[in-house]
Amino acid sequence: MKLSATIRRSLPLVITFIAGLLAIGDYYLKVKVFNDFITQWMKFVNVAAAFAVIIGYVTLTRIHTRRLNQRREGWYNSVALLIGMYAFFLLGVVFSEGKFTAHPAYTYWFNNLYVPLDATIFSMLAFYIASAAYRAFRMRTTEATILLVSAVLVMLGRAPVGPAIWPAFGPITSWIMAVPNSAGMRGITIGIALGVMSMGLRVLLGRERGYLGPGA
Amino acid sequence: MITPEIVGPLIAAAFTLMVYSFFYRENKAYRFAEHVFIGLAVAHGTVISSKYVWDVALSPLITKGEAFWILPILVGLLFPFFFSKKYFWVYRIPISIVVGTGVGIGMAGLIRSQFIDQIVQTIAPVSPKADIWSSGSHPINALLIAIGTLGTLLFFIFTREQKGLLLYASHIGRWTMMIAFGAAFGFTVMARMSLLIGRMQFLLDPSGIAWYLIPVAIVVLAVVAFAERSKGAKK
Amino acid sequence: MTEENEMSFFDKLEKVDPRLIYILVFLIVSLPLIRPLGLPISMSPMTIAFYDAVEKVMPGDVVIVSIDYSAASSPEQYPQTKAVMHHLATKGAKIIGLGFWADGTPFIDSAFKDVLGKSKDHPKYGTDFVNLGWIPNGEVGMKALGGDVQGTCPKDYYGTSTGTLPMMKEVKTGRDFKMVITLSSGTPGVPEWIRQIQAQYGVTFLYGVTAVSAPGVRIYFPAQAAGGLEGLAGAAEYEVLLIKYGYKGTLAPPMDSQSLSHLLVIIFIVLGNVGYVLKKHGKAK
Amino acid sequence: MLATLYMSVKGISKPTIRKIAGLDAIGEAVGRATEMGRPIHFSPGIGGLGTDVAPQTLAGLSVLAYIAELAAKYKTTLWTTIRQAEVQPLAAEIVRQSYLKAGAAEAYDEDKVIFLSTAQFAYASGVVGLMHREKVAANIMIGGFWAESLLFAEGGYLAGAIQVAGTANTAQIPFFVAACDYCLIGEEILAAGAYISRDPVQLGAIWGQDCAKFIAIILVAVGIILSLAGSDYLWKVLRGPLW
């Protein structure tokens, strides 16, 4: 089966366009048959999308078996990664008696290994933020000064210590959140919404093809 | 007695401390923990996706004979063509379905929720009785919000030179945004600290056993530091 | 002379080993956990609005609680989750737990266990609360859920057919939801729920978010979202409001840590800037 | 939006983009690095070319073209660090072209467009290490940045570099503003990218968005006046069943 290059090139663009149109149409076309079809279609798309994890799985396996084979520095880390990945998969899919993540053994390892690792790695940011606060955040410009003052007020107002020092810190924080914050964020959100709209148009019209991978 | 209830928190504590050892310096223990984490993350995503595919498509296909489920499964199975040089274009079929649908859905909802409704909220009826400290519907606050929003929007107008009135307006916009970013800054500090507090709560919980490992970690660190120092002295 | 000394002092301050800063942060966060200060917890209007909205839930109302966070932000959001579940349970709501973040789904089960004692084996499982587990594909998944609940989740988290659970018999589409509460720390999260469910079905919508997202989602209050919990502080305030329902919170000592750590960061910013400003002035002269 | 995109792509009308102050700041930063005889570091962010982050990365790469040309002209060393493998060849090609354009093809060194690591924090520590080692005098970061923004800004500050940064990820902008000398805010980076590349698709997109923003501005301005005057007419219309 040999498809011409043109079809190969334009097929994904046509599919994207139709898929997008179907999704948008559902909002504006209130015809029961059509809406029911879209509901079914969305479930199809969900199932298909769930298969995307295969790519990450295979990629990691390939990278780390290669490292292992070449005995590159730190290859034992690759072993740990592969063991963790395959053991967790087997535990959840093959040996879970159809319970998947609800199986007690899976939950045990999830809670005692995965959760602490994830939480700890992200909690490291607390140290970085403190260190940057000390070493890099400077009132270089009027703007940076406004920003830092507002930040200090919010930090005081949103923890018990602020109101304990001066009760007005609470209301000041509420006001910053309700008024200038809402105004700024609203302007930004409207801008971003338009940006996403315009990006969406370009994707549907085939003017933006990055998602199709190299050479599209 | 060694029971799973004791071993579990000890494993958790050990990995927590291995990650924090990074703050002394980047080291093997940290990298080991990081690799385990990456492996587990991908595995978890795969397990939970398998469950979904099984529940929604495979199981009705096998037990109830709902043949149409074969379709999304086949489409999903085109994803691995990602790894083929020759047939890479096949991978573009499922990805374009998923991206097209996602983009379409997002766009359709966006106009209302993030555009019209935002304008609507800005010009909602005011009430002088509202609390000036916390409510945007107090007339003064409503006016300030509108001015700030207008300024921000005008700042993001790119096809006109910033001159005269537009320049002033965009200054207002920039300052409004700076206050907003200050709030974001403060809240981010709060979030990051909360995460650390959560870990510390786990490590220091007097009813748990995780804190037993803290002295162990300190001893290990001291030994490593001492060994390094004597090595350095020899050199 | 003295000025020069001062400057070198601040120079030295600036060049301090970052590990010293790290140790300070460790200590400041840990000490209040061991010996709490007992600072009173203040109240923010967002939390009060959140509480008031849940107060309006009637027995039998169907409420979706969506766990859209990962383990990374669980220290902030798991306390929110537990408090929300507790409040809803005392109000007699029919709770549907589900999630769009693969990493968060196991927390639904844990929250039911922590709040109600048991999850699947609870006598009221299936009549008062269910756990529908994870739904893939973010916003598209939300859209599918609104269109056909049982088709999107044919089985619950434990593999039971959703159609056989008594309380699910009356829950078919997004129209049957009375309220949606998302506990979210990113995408998909608040904007996606508003687009796909709140705007489409006019459901009362509440959010609990990680503090990082709080300023950004504040714009949806009050018209699109009826209230919100903002980070750990939001959870702690909510716990205080729930005391009258016999809820035993755990967040008072962590909030003391939070207070001290904020002070520490503020002191850092001030110290850093004093040196900076002095230097700048020195140069200007 | 469709109309403006069409008109711009077909060349019927050419929108112009206002001067972006951030680009001047970048010019100054490069100039100072030249004076000090120390190198420049550039990062196009940690996003790849996926749908949601691609515009930011591409904007970063457009700015890279501008910087590379300046650097080639002034004979200043330019380090470009990359986190996504797929971005590396693109970036290398852009730098090469810019050097060619500035007539300094021989000065182009492909080892200075380096792919460090796909792991977020491994990349971050690589960048911080590089800035420290090379004592960069200018650190320019335009693109999609996430939690590592803090580390970069701090690293650049400690290296004593002039810093110009920009991202459309709202949550990271505060750190850039607080730690950098100049910060491009949000969509400004996309406009800067379009300003440099003059790509009709991007120009048309920005023009279309501007038109829609004007509509929003007019609605808000009229609406708030009506609302303060006690009329909720426009509010009701907008909430109406039109949508």
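We call the chains A, B, C and D, going by the order they appear; numbering starts again at 1 in every chain.
Definition applied: contacts are C-beta pairs under 8 Å (C-beta built on N, C-alpha and C of every residue); 3 or more make two chains touch, one makes a residue touch a chain.
Given the structure is predicted, the values throughout are model-derived calculations rather than measurements.
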Completion exercise
So the chain most remote from chain D by C-alpha centre is C
Problem - Chains most often in contact, by C-beta pairs - result: A-B
Problem - Distance from chain C to chain B - Cα centre to Cα centre, in angstrom - result: 13
Practice task
Please compute the C-alpha centroid of chain A, do the same for chain B, then give the distance between them in whole Å.
Solution key: 6
Completion exercise
Whole-angstrom distance, CA centroid of chain B to CA centroid of chain D, is 22
Completion exercise
Between chain C and chain D, the Cα-mean centres are separated in Å by 32
Problem - Contacts with two or more other chains, residues of chain A listed in rising order - result: 23, 42-43, 45-46, 49-50, 98, 100-101, 110-111, 114-119, 121-123, 125-127, 129, 131, 133, 135-138, 143, 147-148, 151-152, 155, 158-159, 174, 177-178, 181-182, 185-186, 188-192, 194, 197, 199, 201, 203, 211
Practice task
Could you list which residues of chain D touch at least two other chains?
Solution key: 51, 170-171, 174-175, 177-178, 186-187, 212-213, 216
Problem - In chain B, residues with contacts to at least two other chains - result: 23, 34, 38, 41, 44-45, 48-49, 51-52, 56, 98-99, 101, 103, 105-106, 109-112, 114-115, 118-122, 124, 134-136, 146, 149-150, 153, 155-156, 174, 177-178, 180-185, 187-190, 193, 195-196, 198-199
Completion exercise
Given the complex, residues on chain C that touch chain B span 19, 22, 25-26, 29-30, 33-34, 45, 72-76, 102-103, 105, 133-140, 143, 152-155, 159, 191, 194-196, 198-200, 210-212, 214-216, 219, 222-224, 230-233, 253-254, 257-258, 261-262, 265
Practice task
Over in the complex, which chain B residues touch chain D? Could you list them?
Solution key: 26, 34, 38, 99, 103, 111-112, 115-116, 119-120, 122-126, 139, 142-143, 146, 149-150, 153-162, 174, 177-178, 181-182, 184-185, 188
Exercise for the section: Enumerate the contact residues on chain A facing chain B in the complex. Expected result: 8-9, 11-13, 15-24, 26-28, 42-58, 60, 74, 76-78, 80-89, 92-93, 98, 100-101, 106, 108, 110-127, 129, 133, 143, 146-155, 158-159, 171-172, 174-194, 196-197, 199-201, 203-204, 211-213, 215-216
Handout entry: Parts of chain D lying in touch with chain C, wherever the complex brings them together
Key = 170-171
Completion exercise
Residue positions on chain A within touch of chain C in the complex are 23, 35, 38-40, 42-43, 45-46, 49-50, 98-102, 107, 110-111, 114-119, 121-123, 126-127, 129-131, 133-139, 148, 151-152, 155-156, 158-164, 170, 173-174, 177-178, 181-182, 185-186, 189
